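Take a look at these structures.
Okay, so chain A shows up in both of these, paired with chain B first and chain C after.
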Partner chain A sequence: MILQQIVNGLSIGSVYAMIAVGYSLVYSVLNFSNFAHGEILMIGSFMGFFLLSVLKVPFPIALALSMVGAGIVAMAIERFGYRPLRLRKAPTLYFMIAAMGFSVFLQNLAIIVFTPNFRTYPQLFPLTPITLGQVAIGRLDLVIFFISLISLSVLSLFIYRTKMGTAIRATAYNYRVASLMGINPDIVIGIVFFLAGGTAGLGGMLFGMKYTTYPWMGALTIKAFIAAVVGGLGSLPGAVLGSFILGMVETFASGYVSSSFRDLFSYAIMIIIIIFLPSGLLGKNTSEKA
Partner chain B sequence: MTIYIQGIVYLFSINLISVMGLSLLTGFTGSFCFGQAGFMAVGAYTSGMLTKLVGWPLWLGIICGALAGALISIPIGLPTLKLKGDYFAIATLGFAEAVRLILENLQQYTGGARGIPGIETMDSPLPVLILALLIYILIRFYVSSTHGRSCIAIREDEMAANCIGINSPRMKTISFFVNGLLAGLAGALLAHYVGFIQPSMFGMAKSTELIIMVIFGGMHSVTGALFSTIILTSLPELLRAASIWRLVAYGLLVVIIMVVRPEGLLGSWELSPNNLKAIWNNLFNRKQSAREGN
Partner chain C sequence: MNKLLEIKDLHVSYGGIQALKGISLEVDEGEIISIIGANGAGKSTMLNALSRQIKIEKGEILFNGAALPSQAHQVVQAGIVQVPEGRQIFANLTVRGNLEIGAYLRKDKEGIEKDIAYIFSVFPRLQERQSQYGGSLSGGEQQMLAIGRGLLSKPKLMLLDEPSLGLAPMLVEEIFNVIKKINDEGTTILLVEQNAQKALTVAHRGYVLETGKIIKTGHGLQLLNDPKVQEAYLGVKIE
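And then the complex of A and B:
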């Protein structure tokens, strides 16, 4: 029973990790919570749904296309919403409000365009689980886990091993000094949003495959935020760690206590972390820079 | 028809009370509160349950609702207001969602998702309207007091405000407390206007709508919030047909306001005798106003 819960926790945790990484990435560079992140996830999820069920595209191509599509939407949001604010050096509050505006706009547009129905992805993998002793592992869970493992590895290679990744880290460390060093912040931030949108789209598609797709699924961002806070806002390894912790706590809470109180447990962890360890498990202890 | 107009007056007054708190907290103190509906739910359920299940008189229930909203804001605000704004925004969002979840699951007390029907209703919207306008005037005075100016300083640059000796966590907690009080009051009044309460009345959509009223009117103006509350409460009534597009338009409008005119409709203009005189002069005797300006 406990092993089974751990497997379930890893599976949902890996989906949260995909969402939280993009969230943390944007946070590390622009220092604000992108509340529209969840709506990008929803768009990616719907793209995947229509590619798979209406256009009958093969699974890997649908995965790639919805990733790129969500990335482009995220870049467009940055271009038209956040860039003017950034160039004006607007306070963080304005970024958050603009993000909320995008979130409200996209979510309600999706409710009108896609109708407020829950949609189920077509069956891609056989439902019969792989049994290892006492534990039953769903084939879909396994696929989700490996897809997120691979994409997180590729993402971390990109950020820690390439020239562009170094530029992203430099911009996250100090925006102004990085731009003095010949890094074009507009390009770097565009790429950050593309990466964040891509991982969100992928996460949305994986979530849609495991559960369902619906216009207000963007509310999942709050889970990503909790995961990012637990791990330390702005830290990518922290976001992954926090996601797995959150996934575990949620499956154990719904397994042993009650599934209707599952979200209360997530909020409780966040409050405890905020009170006792505000910089999270792996976050740097930073104070606000003037 | 009179009942219809009465309904709009009720809704306007209730929205205005809640928006005034939010204007102080988000507009003037700069703490982005995402969970206004949660505080309203606390006020509504406190008053609704006290009057219906315990049998307290209506006015006492409303006062207790307001106090409940204020008291709950302290444990939420104290740990989160000291941290960066993002934590606060998500903590308030989490609080509102947690309140909704608890109300939906404590079936034996709150009636679960079906809510509490048959709550005593108020006779006339006039006292509510007067109360709302009184609160508008009080917030107007508060904002131009020492406390209010400290709040504005915190919004503009918290570190600089700390340097000149403003106790920013304390000021933010006071704003949050006042916001909780007003939200609880608005929630209690809503319960006694509608006559029944359900958790779904206090969802994310409600919080978003209230914060949009503050942003739309101008985050630096209490009068702006008043005008936008009038417009955004009566507009949906006039445009019933386009109601599904309303929130889409609101979202887009918020982005456009942030990009093009972040100070909102009125900027920092306030309704005051001097400002009205200035408008009068501008309109009718331009020469005189030009001379005065010089």
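And then the complex of A and C:
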């Protein structure tokens, strides 16, 4: 039973992690929480759905295309929504309001374009679980876990091992000084949004495969946001740590207490963290958590 | 001598206050130029205008005979690097990472490695600490790293903003020796300093900035011996 819960916790935690790093990446560079992140996930999820069930594209290609597609949407939002604010040196609050605006706009646009129906992805993997002794692991869960793990590893290699990754970290530390090194902040921020959007799109597809796809599914990312806050907004290792903690707590709460109390536990953790560790488990010290 | 930098009638306003009121100066290739002046005279404003960190109101800046590009990162591309006041080391990057990011615009991997090795030979302490985070260094080490990071962009002109600020006298000596060395090896230097004594000793020429205007200019030693400069900036009492 415990082992089964751990497996479930890892599985849900890995999806949270993929979405949480997007919140954290954007926060690290622009110091605001991009509340349109959930809608980018939704768009990725719809892209995956149409690619798989209408265009009958093979799964890996659908995965790649919805990742790139969501990344481009995120870049476009930055280019036309946030960059003008940035160039005018607008306060963080304005970015958040703009993000909420995009969130509501995209949700309603999706309702009009896609109709407010729940869509179910085609069955890609057999439903029979793989059993290892006492533990049953769903094939889909396994696929989801590995896709998240691979994408997180690739992302961290990019951030911590490449020149552009170093430029992103430098820009996150100090945008102005980064420009003194010859770094073009517009390009770095564009890439950050592409990465955040791409992982969100991937997460959207995984959510769509596991559950369903619908225009207001972006609300699901609130859990990933909690995970990012718990780990420390702006910290990528923090986002991953927070996600696995949240995944574990949620599955254990559902398994041993009651699934109706699950969210109570997630929010309680966030409140406790905010009270006692305002910058999260691994976060840098920030005065304001927007 | 070839004119490297030419500033003509530069005006900059900063939060409603005129910080620079028509400054003109020239820097020749191979020179060390020191700008001295009190706090708030507009020294850092001038460097930040050159690095395109702040907008200029009026005036012309020519670099290498061409108009200075309008964006910060393009200025670095053109060959001007600023070593900012307060070092501004990336605390979340290692010492080596800081140096590598200094070479962000360069593509020649071998050249970068060679230059990092050179920086390490000038500042052996940085080599010992190359895998530590920049934030863990002392003030002096951070200043060395900031200079090394600036050099890695292979600048034609290096802007140094108060490199001696907050350093122990021995370290100040070391930093100024390094500045001379960098200059000997071909980098032109525009230095902004409150330590007028040191700045004018090392400089070929100097400018005295007072409330946004240049009030005096001349050779380093000439300014150093100027009674007005001595009284205002060197603390010498004139009877």
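To be clear about the criterion, the second predicted complex is superposed on the first by the 285 of 290 C-alpha atoms of A that agree within 3 Å, B and C clash if a C-alpha of one lies under 4 Å from a C-alpha of the other, contacts with A are read in each partner's own complex, and residues count from 1 in each chain.
Everything that follows uses one rule, which is that a contact is a pair of C-beta atoms (placed from the backbone, for glycine too) under 8 Å apart; a residue touches a chain by one contact, two chains touch by 3 or more.
All figures in this text were calculated on a predicted structure; none of them were measured in a lab.
On the superposed chain A, the two partners chain B and chain C both fit, without a clash. Looking at the shared chain after the overlay, A:Asn117 reaches neither chain B nor chain C. Applying the stated contact rule after C-alpha superposition, one finds that A:Ser259 touches neither chain B nor chain C.
In the superposition on chain A, A:Ala90 makes contact with chain B only, not with chain C. Computed from Cα centres after superposition, the angle at chain A between chain B and chain C reads 90 degrees (steps of 10). In the superposition on chain A, A:Asn184 contacts chain C only, with no contact to chain B. By the touch criterion defined above, A:Ser153 reaches neither chain B nor chain C.
Once the two complexes are laid over each other on the shared chain, residue contacts for A:Thr162 go to neither chain B nor chain C. For chain A, the partner touching the most residues, choosing from chain B and chain C, is B. Taking every C-alpha of chain B against every C-alpha of chain C after the fit on chain A, the minimum distance is 14 Å.
Across the complex, chain C is touched by residues 163, 166-167, 169-170, 172-174, 176-185, 284 of chain A.
Taken together, the chain A residues at the contact with chain B in this complex read 27, 32-33, 80-81, 84-85, 90-94, 96-98, 100-109, 111-112, 219, 222, 225-226, 229, 233, 260-261, 263-264, 267, 270-271, 274-275, 278, 288, 290.
Those residues of chain B that touch chain A in the complex are listed here as 26, 30, 32, 34, 79-80, 83-87, 89-91, 93-95, 97-98, 101-102, 104-105, 155, 157-160, 204, 208, 211-212, 215, 244-245, 247-248, 250-255, 257-259, 262. The residues of chain C lying in touch with chain A in their complex are 51, 53, 71-73, 76-77, 81-82, 84, 88, 90-93, 97, 100-102, 104-105, 149, 153.
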